[in-house]
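The structures come next, written out as C-alpha coordinates.
After this come two complexes, each holding chain A, first together with chain B and then together with chain C.
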Partner chain A sequence: MSTLHTVNKSPYEKSSVGSCLAHVNSGSAILFYEDAVYATIKGASIEQLVTGTEGVKLYALGADLKARGITDDKLIDGVEIVDYAGFVDLAAEHDRVQAWV
Partner chain B sequence: MSEDIKKFMYLNRRAPHGTIYAWESLEVVLIGAAFDQDVSLAFFDDGVYQLLKSQDTSGIETKNFSPTYSALGDYDVTKLYVEQESLEERGLTLDDLMDLKWEDEDDDWAEKDSIRLVSRAELTDIIEQQDIVFSF
Partner chain C sequence: MKFSIQVNEGPYQHQATDSAYQFTKAALEKGHEIYRVFFYHDGVNNGTKLTTPPQDDRNIVNRWSELAKEHDLDMVVCVAAAQRRGIVDEGEMQRNGKDAENIADGFRISGLGQLIEAGVQSDRLVVFGD
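Entry: the complex of A and B
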(Lines of atoms letter the chains of each structure in order from A and count residues from 1; the text may use other names and numbers.)
(Lines give C-alpha, C1' and ligand atoms only; values in the text may rest on other atoms or scores of the structure.)
Protein backbone atom coordinates (compact mmCIF):
# COMPACT_ATOMS: atom_id res chain seq x y z
CA MET A 1 0.00 0.00 0.00
CA SER A 2 2.00 2.95 -1.21
CA THR A 3 1.17 6.56 -1.81
CA LEU A 4 2.47 9.00 -4.39
CA HIS A 5 2.73 12.40 -2.76
CA THR A 6 2.77 15.36 -5.13
CA VAL A 7 3.96 18.80 -4.03
CA ASN A 8 4.00 22.00 -6.11
CA LYS A 9 4.77 24.88 -3.74
CA SER A 10 8.14 26.39 -2.81
CA PRO A 11 9.36 24.92 0.49
CA TYR A 12 10.38 28.41 1.63
CA GLU A 13 7.05 30.04 1.02
CA LYS A 14 4.53 27.40 2.04
CA SER A 15 4.51 24.58 4.59
CA SER A 16 3.41 21.94 2.01
CA VAL A 17 6.83 20.38 1.43
CA GLY A 18 7.58 20.24 5.17
CA SER A 19 4.20 18.80 6.03
CA CYS A 20 4.42 16.26 3.21
CA LEU A 21 7.82 15.08 4.45
CA ALA A 22 6.37 14.74 7.95
CA HIS A 23 3.49 12.58 6.70
CA VAL A 24 5.26 10.16 4.40
CA ASN A 25 5.87 6.46 5.07
CA SER A 26 8.60 4.14 3.86
CA GLY A 27 7.68 2.62 0.49
CA SER A 28 5.97 5.77 -0.70
CA ALA A 29 7.22 8.34 -3.17
CA ILE A 30 7.26 12.12 -3.46
CA LEU A 31 7.06 13.93 -6.79
CA PHE A 32 8.21 17.55 -6.68
CA TYR A 33 6.84 19.71 -9.49
CA GLU A 34 6.30 23.41 -10.29
CA ASP A 35 7.83 25.57 -7.51
CA ALA A 36 8.39 22.53 -5.26
CA VAL A 37 11.33 21.49 -7.47
CA TYR A 38 13.33 24.12 -5.56
CA ALA A 39 13.28 21.61 -2.66
CA THR A 40 15.58 19.29 -4.64
CA ILE A 41 18.58 21.65 -4.79
CA LYS A 42 21.50 20.32 -2.76
CA GLY A 43 23.34 22.35 -0.17
CA ALA A 44 20.16 24.17 0.84
CA SER A 45 18.96 24.62 4.41
CA ILE A 46 16.18 22.06 3.91
CA GLU A 47 18.34 19.33 2.31
CA GLN A 48 18.50 17.21 5.48
CA LEU A 49 14.72 17.38 5.81
CA VAL A 50 14.24 16.23 2.22
CA THR A 51 16.75 13.36 2.44
CA GLY A 52 15.80 12.39 6.00
CA THR A 53 12.91 10.13 5.02
CA GLU A 54 13.99 6.47 4.98
CA GLY A 55 12.79 4.35 2.05
CA VAL A 56 11.01 7.16 0.25
CA LYS A 57 11.71 7.63 -3.46
CA LEU A 58 12.16 11.23 -4.58
CA TYR A 59 11.21 12.43 -8.07
CA ALA A 60 11.29 15.83 -9.77
CA LEU A 61 9.56 16.90 -12.98
CA GLY A 62 12.21 17.61 -15.61
CA ALA A 63 10.38 20.40 -17.44
CA ASP A 64 9.93 22.34 -14.20
CA LEU A 65 13.62 21.93 -13.27
CA LYS A 66 14.66 23.14 -16.72
CA ALA A 67 12.31 26.14 -16.62
CA ARG A 68 13.87 27.23 -13.34
CA GLY A 69 17.49 26.77 -14.38
CA ILE A 70 18.08 23.87 -11.96
CA THR A 71 20.70 21.80 -13.73
CA ASP A 72 21.39 18.13 -12.89
CA ASP A 73 24.60 19.00 -11.00
CA LYS A 74 22.55 21.03 -8.50
CA LEU A 75 20.23 18.14 -7.57
CA ILE A 76 20.29 16.26 -4.27
CA ASP A 77 21.75 12.76 -4.84
CA GLY A 78 19.04 10.18 -5.40
CA VAL A 79 16.44 12.52 -6.88
CA GLU A 80 15.17 10.95 -10.08
CA ILE A 81 14.00 13.15 -12.96
CA VAL A 82 10.74 12.20 -14.67
CA ASP A 83 8.84 13.66 -17.61
CA TYR A 84 5.07 14.15 -17.87
CA ALA A 85 4.55 10.53 -19.00
CA GLY A 86 6.62 9.42 -16.01
CA PHE A 87 4.30 11.46 -13.77
CA VAL A 88 1.36 9.50 -15.15
CA ASP A 89 3.19 6.20 -14.69
CA LEU A 90 3.95 7.03 -11.06
CA ALA A 91 0.31 7.90 -10.42
CA ALA A 92 -0.75 4.58 -11.97
CA GLU A 93 1.85 2.52 -10.08
CA HIS A 94 0.87 3.76 -6.63
CA ASP A 95 -2.32 2.91 -4.76
CA ARG A 96 -3.28 6.54 -4.36
CA VAL A 97 -2.12 10.06 -5.07
CA GLN A 98 -2.03 12.57 -2.24
CA ALA A 99 -1.67 16.13 -3.50
CA TRP A 100 -0.13 18.72 -1.21
CA VAL A 101 -1.56 21.81 -2.88
CA MET B 1 13.87 68.79 -11.76
CA SER B 2 16.44 67.01 -9.66
CA GLU B 3 14.51 67.59 -6.44
CA ASP B 4 11.67 65.62 -8.02
CA ILE B 5 13.75 62.49 -8.36
CA LYS B 6 12.61 59.90 -5.89
CA LYS B 7 14.19 56.65 -4.83
CA PHE B 8 12.03 53.77 -6.04
CA MET B 9 12.72 50.23 -4.93
CA TYR B 10 11.03 47.08 -6.15
CA LEU B 11 11.07 44.14 -3.72
CA ASN B 12 11.13 40.74 -5.40
CA ARG B 13 10.41 37.87 -3.01
CA ARG B 14 8.72 35.27 -5.26
CA ALA B 15 10.03 32.44 -7.40
CA PRO B 16 9.66 33.17 -11.12
CA HIS B 17 7.39 30.62 -12.84
CA GLY B 18 4.83 29.24 -10.38
CA THR B 19 3.06 32.59 -10.00
CA ILE B 20 2.87 35.79 -12.07
CA TYR B 21 4.49 38.08 -9.44
CA ALA B 22 8.05 38.04 -10.83
CA TRP B 23 7.01 38.80 -14.38
CA GLU B 24 4.56 41.51 -13.27
CA SER B 25 7.32 43.15 -11.26
CA LEU B 26 9.61 43.19 -14.27
CA GLU B 27 6.86 44.75 -16.41
CA VAL B 28 6.25 47.50 -13.85
CA VAL B 29 9.99 48.16 -13.51
CA LEU B 30 10.29 48.63 -17.27
CA ILE B 31 7.29 50.98 -17.37
CA GLY B 32 8.56 52.93 -14.35
CA ALA B 33 12.01 53.26 -15.94
CA ALA B 34 10.50 55.78 -18.39
CA PHE B 35 9.98 58.31 -15.58
CA ASP B 36 13.62 59.17 -14.80
CA GLN B 37 13.57 58.13 -11.17
CA ASP B 38 16.30 56.52 -9.09
CA VAL B 39 15.26 52.89 -9.47
CA SER B 40 16.69 49.85 -7.75
CA LEU B 41 15.58 46.25 -7.32
CA ALA B 42 15.93 43.93 -4.35
CA PHE B 43 15.96 40.15 -4.69
CA PHE B 44 15.53 38.19 -1.48
CA ASP B 45 13.68 35.15 -0.12
CA ASP B 46 12.44 33.14 -3.15
CA GLY B 47 13.04 36.21 -5.35
CA VAL B 48 16.68 35.19 -5.77
CA TYR B 49 15.47 32.32 -7.98
CA GLN B 50 14.40 34.88 -10.60
CA LEU B 51 18.04 35.51 -11.47
CA LEU B 52 19.18 31.89 -11.91
CA LYS B 53 21.13 31.13 -15.09
CA SER B 54 19.96 28.81 -17.89
CA GLN B 55 16.22 29.03 -17.36
CA ASP B 56 14.43 27.33 -20.25
CA THR B 57 10.64 27.29 -20.12
CA SER B 58 10.09 25.46 -23.43
CA GLY B 59 8.95 22.36 -21.52
CA ILE B 60 6.26 24.14 -19.51
CA GLU B 61 5.01 26.30 -22.36
CA THR B 62 5.22 29.67 -20.63
CA LYS B 63 7.15 32.76 -21.66
CA ASN B 64 10.77 32.75 -20.56
CA PHE B 65 11.17 36.31 -19.33
CA SER B 66 14.55 35.73 -17.66
CA PRO B 67 16.58 37.19 -20.60
CA THR B 68 14.77 40.50 -19.98
CA TYR B 69 16.77 41.07 -16.77
CA SER B 70 19.85 41.62 -18.93
CA ALA B 71 18.05 44.50 -20.71
CA LEU B 72 17.49 46.46 -17.48
CA GLY B 73 20.84 48.22 -17.80
CA ASP B 74 19.68 49.83 -21.06
CA TYR B 75 16.82 51.40 -19.09
CA ASP B 76 19.20 52.81 -16.48
CA VAL B 77 18.13 50.19 -13.96
CA THR B 78 21.59 49.29 -12.76
CA LYS B 79 21.22 48.45 -9.07
CA LEU B 80 20.07 44.89 -8.41
CA TYR B 81 20.60 44.07 -4.73
CA VAL B 82 20.74 40.33 -3.99
CA GLU B 83 20.63 39.12 -0.41
CA GLN B 84 23.47 36.77 0.49
CA GLU B 85 21.56 34.89 3.21
CA SER B 86 18.68 34.11 0.85
CA LEU B 87 21.13 32.58 -1.65
CA GLU B 88 22.89 30.53 1.03
CA GLU B 89 19.67 29.14 2.52
CA ARG B 90 18.79 27.88 -0.95
CA GLY B 91 22.14 26.24 -1.70
CA LEU B 92 23.07 28.94 -4.24
CA THR B 93 26.01 31.27 -4.84
CA LEU B 94 26.59 34.33 -7.02
CA ASP B 95 27.99 32.00 -9.72
CA ASP B 96 24.54 30.44 -10.13
CA LEU B 97 23.07 33.80 -11.17
CA MET B 98 23.03 35.48 -14.58
CA ASP B 99 25.99 37.75 -15.28
CA LEU B 100 24.10 41.03 -15.57
CA LYS B 101 26.00 44.12 -16.76
CA TRP B 102 25.37 47.79 -17.48
CA GLU B 103 27.42 50.36 -19.36
CA ASP B 104 28.47 53.46 -17.44
CA GLU B 105 28.32 56.45 -19.80
CA ASP B 106 30.16 58.59 -17.22
CA ASP B 107 33.07 56.14 -17.24
CA ASP B 108 33.75 55.70 -20.99
CA TRP B 109 30.92 53.14 -21.24
CA ALA B 110 32.75 50.71 -18.98
CA GLU B 111 30.84 47.49 -18.34
CA LYS B 112 29.89 47.13 -14.70
CA ASP B 113 28.09 44.48 -12.66
CA SER B 114 24.43 45.18 -12.01
CA ILE B 115 24.16 42.61 -9.23
CA ARG B 116 25.29 43.83 -5.83
CA LEU B 117 25.54 41.14 -3.18
CA VAL B 118 24.44 42.49 0.19
CA SER B 119 23.80 41.06 3.64
CA ARG B 120 20.35 40.93 5.20
CA ALA B 121 21.29 43.82 7.50
CA GLU B 122 22.60 45.91 4.60
CA LEU B 123 19.46 45.28 2.55
CA THR B 124 17.31 46.31 5.49
CA ASP B 125 19.16 49.63 5.64
CA ILE B 126 18.97 50.14 1.86
CA ILE B 127 15.19 49.65 1.93
CA GLU B 128 14.92 52.20 4.73
CA GLN B 129 16.66 54.80 2.51
CA GLN B 130 13.93 54.57 -0.16
CA ASP B 131 11.13 57.05 -0.80
CA ILE B 132 8.81 54.50 -2.39
CA VAL B 133 8.77 50.72 -2.04
CA PHE B 134 6.85 48.38 -4.33
CA SER B 135 6.30 44.79 -3.18
CA PHE B 136 5.97 41.77 -5.43
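Entry: the complex of A and C
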Protein backbone atom coordinates (compact mmCIF):
# COMPACT_ATOMS: atom_id res chain seq x y z
CA MET A 1 0.00 0.00 0.00
CA SER A 2 1.60 3.25 -1.10
CA THR A 3 0.65 6.80 -0.28
CA LEU A 4 0.95 10.01 -2.26
CA HIS A 5 1.73 12.79 0.19
CA THR A 6 0.98 16.33 -0.98
CA VAL A 7 2.54 19.41 0.61
CA ASN A 8 1.61 22.98 -0.33
CA LYS A 9 3.38 25.25 2.13
CA SER A 10 6.94 26.60 2.11
CA PRO A 11 9.22 24.83 4.63
CA TYR A 12 10.32 28.31 5.71
CA GLU A 13 6.74 29.28 6.61
CA LYS A 14 5.15 26.19 8.16
CA SER A 15 6.28 22.84 9.55
CA SER A 16 4.17 20.69 7.18
CA VAL A 17 7.10 19.75 4.91
CA GLY A 18 9.07 18.57 7.96
CA SER A 19 6.07 16.68 9.36
CA CYS A 20 5.49 15.00 6.02
CA LEU A 21 9.15 13.98 5.68
CA ALA A 22 9.07 12.55 9.21
CA HIS A 23 6.13 10.29 8.35
CA VAL A 24 6.77 9.00 4.80
CA ASN A 25 7.54 5.34 4.27
CA SER A 26 9.67 3.75 1.57
CA GLY A 27 7.60 3.18 -1.58
CA SER A 28 5.58 6.34 -1.08
CA ALA A 29 5.81 9.61 -2.97
CA ILE A 30 5.72 13.31 -2.12
CA LEU A 31 4.32 15.97 -4.44
CA PHE A 32 5.49 19.48 -3.62
CA TYR A 33 3.14 22.12 -5.04
CA GLU A 34 2.16 25.77 -4.42
CA ASP A 35 4.74 27.32 -2.03
CA ALA A 36 6.09 23.87 -1.05
CA VAL A 37 8.07 23.85 -4.32
CA TYR A 38 10.61 26.01 -2.44
CA ALA A 39 11.58 22.79 -0.62
CA THR A 40 12.89 21.32 -3.89
CA ILE A 41 15.61 23.94 -4.49
CA LYS A 42 19.15 22.56 -4.61
CA GLY A 43 21.60 23.82 -2.00
CA ALA A 44 18.95 25.18 0.38
CA SER A 45 19.08 24.45 4.09
CA ILE A 46 16.21 21.98 3.82
CA GLU A 47 17.88 19.88 1.08
CA GLN A 48 19.43 17.26 3.38
CA LEU A 49 16.07 16.62 5.05
CA VAL A 50 14.26 16.34 1.71
CA THR A 51 16.79 13.91 0.23
CA GLY A 52 17.20 11.96 3.47
CA THR A 53 14.16 9.78 2.90
CA GLU A 54 15.10 6.45 1.32
CA GLY A 55 12.87 4.94 -1.36
CA VAL A 56 10.58 7.96 -1.54
CA LYS A 57 9.91 9.47 -4.96
CA LEU A 58 9.91 13.28 -5.07
CA TYR A 59 7.76 15.32 -7.46
CA ALA A 60 7.18 19.06 -7.98
CA LEU A 61 4.36 20.76 -9.89
CA GLY A 62 5.77 22.48 -12.97
CA ALA A 63 3.31 25.39 -13.07
CA ASP A 64 4.11 26.31 -9.46
CA LEU A 65 7.88 26.09 -10.06
CA LYS A 66 7.54 28.34 -13.12
CA ALA A 67 5.37 30.87 -11.24
CA ARG A 68 8.16 31.20 -8.68
CA GLY A 69 11.06 31.40 -11.14
CA ILE A 70 12.51 28.04 -10.12
CA THR A 71 14.12 26.62 -13.25
CA ASP A 72 14.98 22.92 -13.78
CA ASP A 73 18.69 23.48 -13.10
CA LYS A 74 17.92 24.75 -9.59
CA LEU A 75 16.12 21.55 -8.56
CA ILE A 76 17.45 18.91 -6.20
CA ASP A 77 18.67 15.91 -8.23
CA GLY A 78 15.97 13.29 -8.64
CA VAL A 79 13.00 15.61 -8.27
CA GLU A 80 10.63 14.91 -11.14
CA ILE A 81 8.45 17.68 -12.61
CA VAL A 82 4.78 16.91 -13.28
CA ASP A 83 1.86 18.95 -14.62
CA TYR A 84 -1.73 18.82 -13.28
CA ALA A 85 -2.43 15.73 -15.42
CA GLY A 86 0.65 14.15 -13.82
CA PHE A 87 -0.71 15.10 -10.39
CA VAL A 88 -3.93 13.24 -11.27
CA ASP A 89 -1.91 10.21 -12.44
CA LEU A 90 0.07 10.17 -9.17
CA ALA A 91 -3.17 10.33 -7.15
CA ALA A 92 -4.56 7.41 -9.18
CA GLU A 93 -1.38 5.31 -9.06
CA HIS A 94 -1.05 5.42 -5.28
CA ASP A 95 -3.55 3.78 -2.95
CA ARG A 96 -4.42 6.98 -1.12
CA VAL A 97 -3.62 10.68 -1.00
CA GLN A 98 -2.53 12.35 2.24
CA ALA A 99 -2.65 16.15 2.16
CA TRP A 100 -0.35 17.96 4.59
CA VAL A 101 -2.26 21.25 4.56
CA MET B 1 -11.37 6.19 -11.39
CA LYS B 2 -13.76 7.97 -9.03
CA PHE B 3 -12.34 11.10 -7.35
CA SER B 4 -13.82 13.45 -4.78
CA ILE B 5 -12.34 16.83 -4.01
CA GLN B 6 -12.40 18.73 -0.73
CA VAL B 7 -11.79 22.50 -0.82
CA ASN B 8 -11.06 24.18 2.53
CA GLU B 9 -10.03 27.65 1.36
CA GLY B 10 -11.86 30.63 -0.06
CA PRO B 11 -11.15 32.24 -3.44
CA TYR B 12 -8.53 35.01 -3.81
CA GLN B 13 -7.08 34.20 -0.38
CA HIS B 14 -4.70 31.33 -1.04
CA GLN B 15 -3.80 29.25 -4.07
CA ALA B 16 -5.68 26.20 -2.76
CA THR B 17 -8.91 26.80 -4.64
CA ASP B 18 -7.01 27.42 -7.89
CA SER B 19 -5.09 24.18 -7.41
CA ALA B 20 -8.32 22.31 -6.64
CA TYR B 21 -9.92 23.65 -9.81
CA GLN B 22 -6.91 22.77 -11.99
CA PHE B 23 -6.76 19.26 -10.49
CA THR B 24 -10.51 18.70 -11.01
CA LYS B 25 -10.29 19.95 -14.61
CA ALA B 26 -7.27 17.74 -15.35
CA ALA B 27 -8.98 14.67 -13.83
CA LEU B 28 -12.08 15.23 -15.98
CA GLU B 29 -9.93 15.74 -19.09
CA LYS B 30 -8.27 12.39 -18.38
CA GLY B 31 -11.69 10.71 -18.30
CA HIS B 32 -11.93 10.22 -14.53
CA GLU B 33 -15.21 10.69 -12.71
CA ILE B 34 -15.57 13.46 -10.12
CA TYR B 35 -18.07 12.04 -7.64
CA ARG B 36 -18.37 15.27 -5.65
CA VAL B 37 -16.60 18.54 -4.86
CA PHE B 38 -17.13 19.42 -1.21
CA PHE B 39 -16.55 22.98 0.01
CA TYR B 40 -15.75 23.21 3.70
CA HIS B 41 -14.59 25.93 6.13
CA ASP B 42 -13.71 29.14 4.17
CA GLY B 43 -14.09 27.04 1.01
CA VAL B 44 -17.83 27.80 1.11
CA ASN B 45 -16.96 31.31 -0.16
CA ASN B 46 -16.36 29.69 -3.57
CA GLY B 47 -20.15 29.40 -3.81
CA THR B 48 -21.41 33.01 -3.69
CA LYS B 49 -22.77 34.47 -6.92
CA LEU B 50 -22.20 38.00 -5.57
CA THR B 51 -18.46 37.76 -6.28
CA THR B 52 -17.39 40.40 -8.81
CA PRO B 53 -13.64 40.27 -9.49
CA PRO B 54 -12.01 42.80 -11.87
CA GLN B 55 -12.54 41.89 -15.53
CA ASP B 56 -8.88 41.05 -16.11
CA ASP B 57 -8.83 38.61 -13.19
CA ARG B 58 -10.10 35.03 -13.25
CA ASN B 59 -13.65 34.61 -11.95
CA ILE B 60 -13.18 31.70 -9.59
CA VAL B 61 -16.88 31.27 -8.74
CA ASN B 62 -18.05 31.34 -12.38
CA ARG B 63 -15.24 28.99 -13.32
CA TRP B 64 -16.59 26.36 -10.89
CA SER B 65 -20.18 26.94 -12.10
CA GLU B 66 -19.14 26.50 -15.73
CA LEU B 67 -17.18 23.33 -14.98
CA ALA B 68 -20.17 21.95 -13.04
CA LYS B 69 -22.52 22.71 -15.91
CA GLU B 70 -20.22 21.17 -18.48
CA HIS B 71 -19.60 17.96 -16.52
CA ASP B 72 -22.73 17.76 -14.37
CA LEU B 73 -20.64 18.03 -11.18
CA ASP B 74 -22.14 17.69 -7.72
CA MET B 75 -20.74 20.70 -5.82
CA VAL B 76 -21.75 20.71 -2.16
CA VAL B 77 -21.31 23.54 0.32
CA CYS B 78 -21.19 22.59 4.03
CA VAL B 79 -24.31 24.01 5.68
CA ALA B 80 -22.80 24.93 9.07
CA ALA B 81 -19.78 26.62 7.45
CA ALA B 82 -22.15 28.38 5.00
CA GLN B 83 -24.44 29.71 7.72
CA ARG B 84 -21.49 31.24 9.57
CA ARG B 85 -20.23 32.95 6.41
CA GLY B 86 -23.52 34.09 4.87
CA ILE B 87 -23.79 31.63 1.99
CA VAL B 88 -27.54 31.18 1.55
CA ASP B 89 -29.86 29.28 -0.80
CA GLU B 90 -33.64 29.53 -1.09
CA GLY B 91 -34.28 26.97 1.65
CA GLU B 92 -31.76 28.47 4.08
CA MET B 93 -33.17 31.95 3.38
CA GLN B 94 -36.64 30.85 4.48
CA ARG B 95 -35.44 28.71 7.39
CA ASN B 96 -33.32 31.48 8.86
CA GLY B 97 -35.62 34.41 8.05
CA LYS B 98 -33.19 36.13 5.66
CA ASP B 99 -34.27 38.44 2.83
CA ALA B 100 -31.78 37.26 0.22
CA GLU B 101 -30.00 34.23 -1.19
CA ASN B 102 -26.63 34.16 -2.93
CA ILE B 103 -25.78 30.58 -3.87
CA ALA B 104 -24.04 30.40 -7.25
CA ASP B 105 -25.15 28.15 -10.12
CA GLY B 106 -24.18 24.52 -9.70
CA PHE B 107 -23.68 24.67 -5.92
CA ARG B 108 -26.01 23.18 -3.33
CA ILE B 109 -25.99 23.43 0.46
CA SER B 110 -25.96 20.20 2.45
CA GLY B 111 -24.42 18.54 5.48
CA LEU B 112 -21.08 17.05 6.44
CA GLY B 113 -22.53 13.58 5.76
CA GLN B 114 -22.01 14.38 2.07
CA LEU B 115 -18.27 14.61 2.67
CA ILE B 116 -18.19 11.28 4.52
CA GLU B 117 -20.27 9.64 1.78
CA ALA B 118 -17.95 11.09 -0.88
CA GLY B 119 -14.99 9.57 0.97
CA VAL B 120 -16.71 6.18 1.13
CA GLN B 121 -17.98 6.15 -2.48
CA SER B 122 -14.83 7.48 -4.17
CA ASP B 123 -11.56 5.73 -4.91
CA ARG B 124 -9.60 8.82 -3.85
CA LEU B 125 -10.41 11.91 -1.78
CA VAL B 126 -8.01 14.75 -2.54
CA VAL B 127 -7.89 17.66 -0.09
CA PHE B 128 -6.90 21.23 -0.96
CA GLY B 129 -6.51 23.85 1.73
CA ASP B 130 -4.30 26.29 3.58
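Definition applied: the second predicted complex is superposed on the first by the 101 of 101 C-alpha atoms of A that agree within 3 Å, B and C clash if a C-alpha of one lies under 4 Å from a C-alpha of the other, contacts with A are read in each partner's own complex, and residues count from 1 in each chain.
Just so we're on the same page, a residue touches a chain if its C-beta (ideal position, glycine included) is under 8 Å from a C-beta of that chain, and two chains touch if they have at least 3 such contacts.
Quick caveat: nothing in here was measured; it's all calculated off a predicted structure.
After superposition on chain A, the partners chain B and chain C are accommodated together without colliding. When the shared chain is aligned, no partner comes close enough to touch A:E80: not chain B, not chain C.
In the superposition on chain A, A:A99 makes contact with chain C only, not with chain B.
In the superposition on chain A, contact of A:A44 is made with chain B only, not with chain C. Residue contacts after overlaying the shared chain place A:A91 against chain C, while chain B stays out of touching range.
More residues of chain A lie in contact with B than with the other chain of the pair chain B and chain C. Measuring only between alpha carbons, the smallest separation of chain B from chain C in this overlay is 5 Å. Under the contact criterion defined above, the residues of chain A that touch both chain B in one complex and chain C in the other are 8, 34-35, 63-64. Interface residues of chain B, counted against chain A in their complex, comprise 14-19, 45-46, 49, 52-60, 62, 64, 66, 88-92, 96.
Remark: chain A residues 6, 8, 33-35, 63-64, 83-85, 87-89, 91-92, 96-97, 99, 101 touch chain C in the complex.
Interface of chain C with chain A (complex): residues 1, 3, 8, 14-16, 19, 22-23, 25-27, 29-30, 32, 123-130. Chain A contributes residues 8-10, 12-13, 34-35, 38, 41-45, 47, 62-64, 66-71, 74 to its touches with chain B in the complex.
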